[in-house]
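In the two complexes below, chain A is the common chain; its partner is chain B in one and chain C in the other.
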Partner chain A sequence: MKRSLRALIGVSVLGLSLVACGSGDDEAEVPNTEAPTSEAPATEAPSTEAPADGVLNVPADYATIQAAVDAAVEGDLILIAPGTYNEAVQVTTNNIVIRGLDRNTVIMDGNFELDNGFRVVGASGVAIENMTAMNYTKNGFFWTGSTGYRGSYLTAWRNGDYGIYAFDSVGGLLENSYAAGSPDAGFYIGQCYPCDAVIRNVVSEHNGLGYSGTNSGGNLLIVNSVFRRNRAGVVPNSGSYELCYPERKTTIVGNQVYSNNQPDTPAIDVAILAMGNGILSAGGVQNIIERNRVWDHDKTGIGLVPFLEEDANDAIPAKDAWDMPCAEQKQLMPTLPDGPLLWDSQDTEVRDNVLEDNRRADIAVGSAGTNLWELGNCFEGNTFTTSAPLDLETLAPCGSPLSETAGDWTAGDLMVITWLADAETAPPSVDWKTATLPDLPQLENMPDAATAPAVPASATPPTIDLAAITVPDKIS
Partner chain B sequence: MIRRITFLLAVGVLSGVACAPDTPNGMNGAHDHSSMPVDPASVMGEPDRPIAGPQGAVGQFVVECPYSHALPDDPIVYPGDAGASHMHVFFGNVGANAMSTLTTLLAGDTTCEQALDTASYWAPALYDGNEMLIPEKSVAYYRAGLDVEPTAVEAFPAGLAMIAGDAAATEPQPTSVVAWSCGSGAIRETTPPDCPDDRGLRLDVTFPDCWDGAHLDVPGHREHMRYSSGGECPSTHPVHVPQLIFSVAYSFSGNPTGLKLASGGVLTGHADFVNSWNQAKLLDEVKYCLHRDVVCGVTSGRISG
Partner chain C sequence: MRVMKRLLGSFTLCARLSVLAVSAAVIGACAPDAPDAAGGSKIIDDDVAITTTIATVAPNGESITIQVLDNSYRPSDYEISAGTEVVFENRGRNDHNILPDSVKGDAELSELLRNDSSPSAWGVASTDFVPGDSFSHVFGAPGVYAYYCSIHGAPGAGMYGIIRVS
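Up next is the complex of A and B:
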């Protein structure tokens, strides 16, 4: 079988945390950018116009969520009563809030036929809160082309592509949410720079990838979350099949990342290639990986590896173009490549993480021919036992240029090329529709769902006090 | 004629499109054993340039459909005449065969990941020597044509039948219409390249995106469709429809010298499409993804889980 093993070295991932519990070390409520407005006259339900108080109840006022969404105007709140809804909802209205009254009993069910629970298409400021989406052939919750998006207290369980997915969108917050059972990533933010987005207090488990983000970054923070028992944990990655490469400037701090060797999940090919790694940068650059606790992985705890892209669509941007905003890069005419692309992981800082029992190496950097000291990745202050190459913190300290003469860069080489062969013998993907998952968990509700005011998504994510985040305790 | 009537009724109900009184050859008409135009490009034109490169710059929706079945049938060219065609590989609608009508297709199941895409897509079978290669899947990209104003695009009418590429070609076809590639890479070749192991061979066929507004099919299966140029459709074919870029993905890689298509050599690439989508869903995808110029999905060269 010709699985694309080589492609695996670059993949995506998601993470999850056991319980989505609010964390207190970050802050800033999302500001309400838009006062609720409603021009519609008050009418008794069911109505085709929004009620005067700006609250549209489903099913009391509108039989379907889609009908309520279509009737809503900016600032409205759609409140969904407990029940199972077999809908694939399209959202095109800016600045509305769609909320379930109970996270665990407001259930969007795609019945293995519908594509997305919610698809927000080019609408900005849309917040989705406090509900569950399961059994969709594509994604549980999906924003695309949005400026300002927020998902809070969401559960995505057993969906066919991603759990919670933001593409080509900026200004985002995904928080207090859970995703399990997707062959790609539980949580994904891709094709944006700067992304200006935060993922906090999420749990991602039993996915192909806990977190994946292709060609994203720039004020993109992944903090205080749990990524466990996926094929691979947190996997930012680069590739030219979609825009805004390379992946850069993703900040990963204060997460618990463990046991991402799960053999019985659905998995895209890259998830199988990345299997057994906790935090794996696959061709990403300028990332910051700090104060995470990472344990129990067959391969690396934190690994920086190349992604070989054999079916390229453009040339790799030169380093001086890494800061080009995505919107600008989109205007460039791609260069027809004359061969495969090798995306090296570069200029990434790995500091102050606590790692144990990562069987190939706790911390590692690998390449497919490029001299490791030319990649600019540095490692400092980590608590670890093993590294590849050996003595990695001595070879590659942060704060000064790396030197070929710092030591023996070849001893204990990661030999990342052997992962291709490993993937050939790894447990194959399990059909997402039938994969064994943890039971649909009962998770914390948002506070005061029935009465809390509608706060549309802000295009400015909360400010996170990164310095206040400490290495989380070990849980299991 | 019963089938023909059913067909027209279905069209009327689903799309309100008026069919011209002439009876097209095709799914419900007389058999068409006349050869196709020697050079279809001279009839339909071709895109201004090959459509390849990174996704994500323009609005699109994408449907991946695993291989369904192979039959020596052609529901467009040889309707009602089972076994009359060269071997085809079918994707999407699992029931597509020589006897298919819009009605039967709409009632059919699909291999597509998008369960409401019950359209039928097919292409000539590919052989390595005497061995027929079973494709892995097809990938259908739906976009506005090059430089076309996205809001001008209308969904295909239900039952629209069209063919792109020339099954009788003896010279290389424009790669903007028919090309070979590896994985989801951007390089387009007139003959199959030697692909790496994990980025298998693909046949990429780009369909016309301008419709005459009247005929679901015509004798010869070409005259009702044109390619846009400079973002415009010709006045004779004024209706912008989505540009369907259809890619057949094989797990085959390596030495391509033994390859040939059922329609002839490797220069005879072509593909066929009958719109038997759930029409309401197709209308939604055009409205939400193309009109709003939003990327509703992307695909990589990856293998799905």
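Up next is the complex of A and C:
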């Protein structure tokens, strides 16, 4: 259950054509298909020991995925044959690879009763590849407390909390994956600093939030992906209801972010509050938002706004503590504040994005009492029509200190506080179990799933050549 | 500084009872008239007479608070003296639970609390620990109490904590 809102305020992103989810026109990326209905055959006498070749076949060798996972040792590969598996699998073994032979027909189905398709708890180096998880009451794929994690060619569809979820984990890669129908975020990386993680080539749609990252950042890259038709698109955010605040140093480059006004999704309260925004930094700091294409939003294309947190659990760290590693900050004792906290978005660079048809403003910065020129956010080189306040690139250029006298900071004010009232009349959340979603898509498989070697997740994510990423073309 | 609120609801009854080391295995774990002071033999139910062994100490009047966030207990490792009340406050945005490491889930916890009045029988199920809820327990017996949230962790991994009672 989510606590009643009254919180956020914050927001927006965009990308290249997706390798994982097909390229070409919009609808071709997620063609209609029926979900497989075959059941995993039972095995009379499942094995209890891992085979010598390090490959554990389900169901041929092990009746259930959990049995194979429990039998696996570091370095093993679990290969899952097509079928529907009504399991909630927990993984505690380091450095194993769990792979479906066919992304679209290896189906983990929670039947609206089981909690997580996969939950990796405290295990490092676990890679999950090439399968679908749907109808789980919590998450499709979930890593927590991991050093080194990877999700590749995954489909998360109609799950009750997150689609693909990495919490308190570092050294991650989420790629070539798809998430739809979660009331919180399709993709989430939270409570880590430095995260050392990459999200690339993913599609997130019809969720409360396309991406959410609370108190995460530090070498955290979100690139070449599509966030569309969620309540809100890409929403890095800060708050003391999780550890390791604030959210900082997330880099968002080369994404396509559009039409995140979807009124009929499941949605947590914060998603309703953020509705209608493309890339929305809600109390995030020191983020970089570059070369994204962002269009068709009721509020902002790229917005930097505060997050108002009532019942906060600790004071906001001073700027000189922002670089404190998460592991160190966890050891600090909290100081309960006397009242609500206002997490302002600060020191974020918004450059060279292409924006259009964002009805309140293409680019925007707002607060609820803080002088905007004191926040240090800058805007430069963007292709846009509207801004809040007006003439934002003149008021807040990058590369030089901001000044109160640069112009009129009040003209065209975002009036972000009015979003609280907007949320009261926004379309309410739809039950995640019954929400109208795009049909379960047939998506690209990983290459050579049957024969590709097992490569456990690395704690060092791939190097991304950010300079080589250009603004993606608009999906027509 | 705001004073942390302490919402001591019905769970406190279980907590008070747990300061007794009860030798009988099956009793009403949360009998409403259960005594909260250590003593010799007690009758805590009209129908069931049980014998208690004094292995724990009575509440000492001290109380500490552990924040339950998404998805962490803060502090996650705490040392207290026997008889101290620990108040867990769910200050996150999600449901959580608090289970002794030996317990696998909410249903098993409920079963444990129904059938076991020993110091190891404590905790709160997720249905009773939504955002804004509090749960309190007096740790009357020395020992190490490891616990976790079965939604967001496992024993010793993810969302977990330790209370060390001396």
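Just so it is clear, the second predicted complex is superposed on the first by the 433 of 476 C-alpha atoms of A that agree within 3 Å, B and C clash if a C-alpha of one lies under 4 Å from a C-alpha of the other, contacts with A are read in each partner's own complex, and residues count from 1 in each chain.
Everything below uses one rule, namely that a residue touches a chain if its C-beta (ideal position, glycine included) is under 8 Å from a C-beta of that chain, and two chains touch if they have at least 3 such contacts.
Everything numeric in this text was worked out from a predicted model, so none of it was measured.
Superimposing the complexes on chain A yields a three-chain arrangement in which chain B and chain C clash.
Within the superposed three-chain model, A:313 lies in touch with chain B and with chain C [touch as defined at top].
Legend: residue contacts after superposition of the two complexes on their common chain; A:183 is shown touching chain B, with no touch to chain C.
Once the two complexes are overlaid on the shared chain, A:271 sits against chain B while remaining clear of chain C. By the touch criterion defined above, A:160 lies against chain B but remains apart from chain C after alignment on the C-alpha atoms of chain A.
Of the two partners chain B and chain C, more residues of chain A are touched by B. Once the complexes are superposed on chain A, the part of chain B occupying the same space as chain C corresponds, among 39-47, 93-101 or 255-263, to 39-47. The contact surfaces that chain B and chain C form on chain A in the two complexes overlap at residues 1-3, 90, 92, 115, 121-122, 138, 144-145, 167-168, 191, 240-243, 268, 311, 313, 330, 334, 336-337.
The touching residues of chain A, when paired with chain C in their complex, are 1-3, 90, 92, 115, 121-123, 138, 144-145, 161, 167-168, 191, 214, 240-243, 268, 311, 313, 330, 333-338. Those residues of chain B that touch chain A in the shared complex are 52-57, 113-116, 181-187, 196-200, 251, 253, 284, 288-289, 292-305. Put simply, chain A touches chain B in their complex at residues 1-7, 90, 92, 112-115, 119, 121-122, 137-138, 144-145, 160, 167-168, 183-184, 191, 208, 239-244, 266-271, 310-314, 330, 334, 336-337, 340, 429, 432.
Chain C meets chain A in the complex at residues 1-2, 4, 67, 69-72, 74-76, 91-95, 130-132, 151-154, 156-159.
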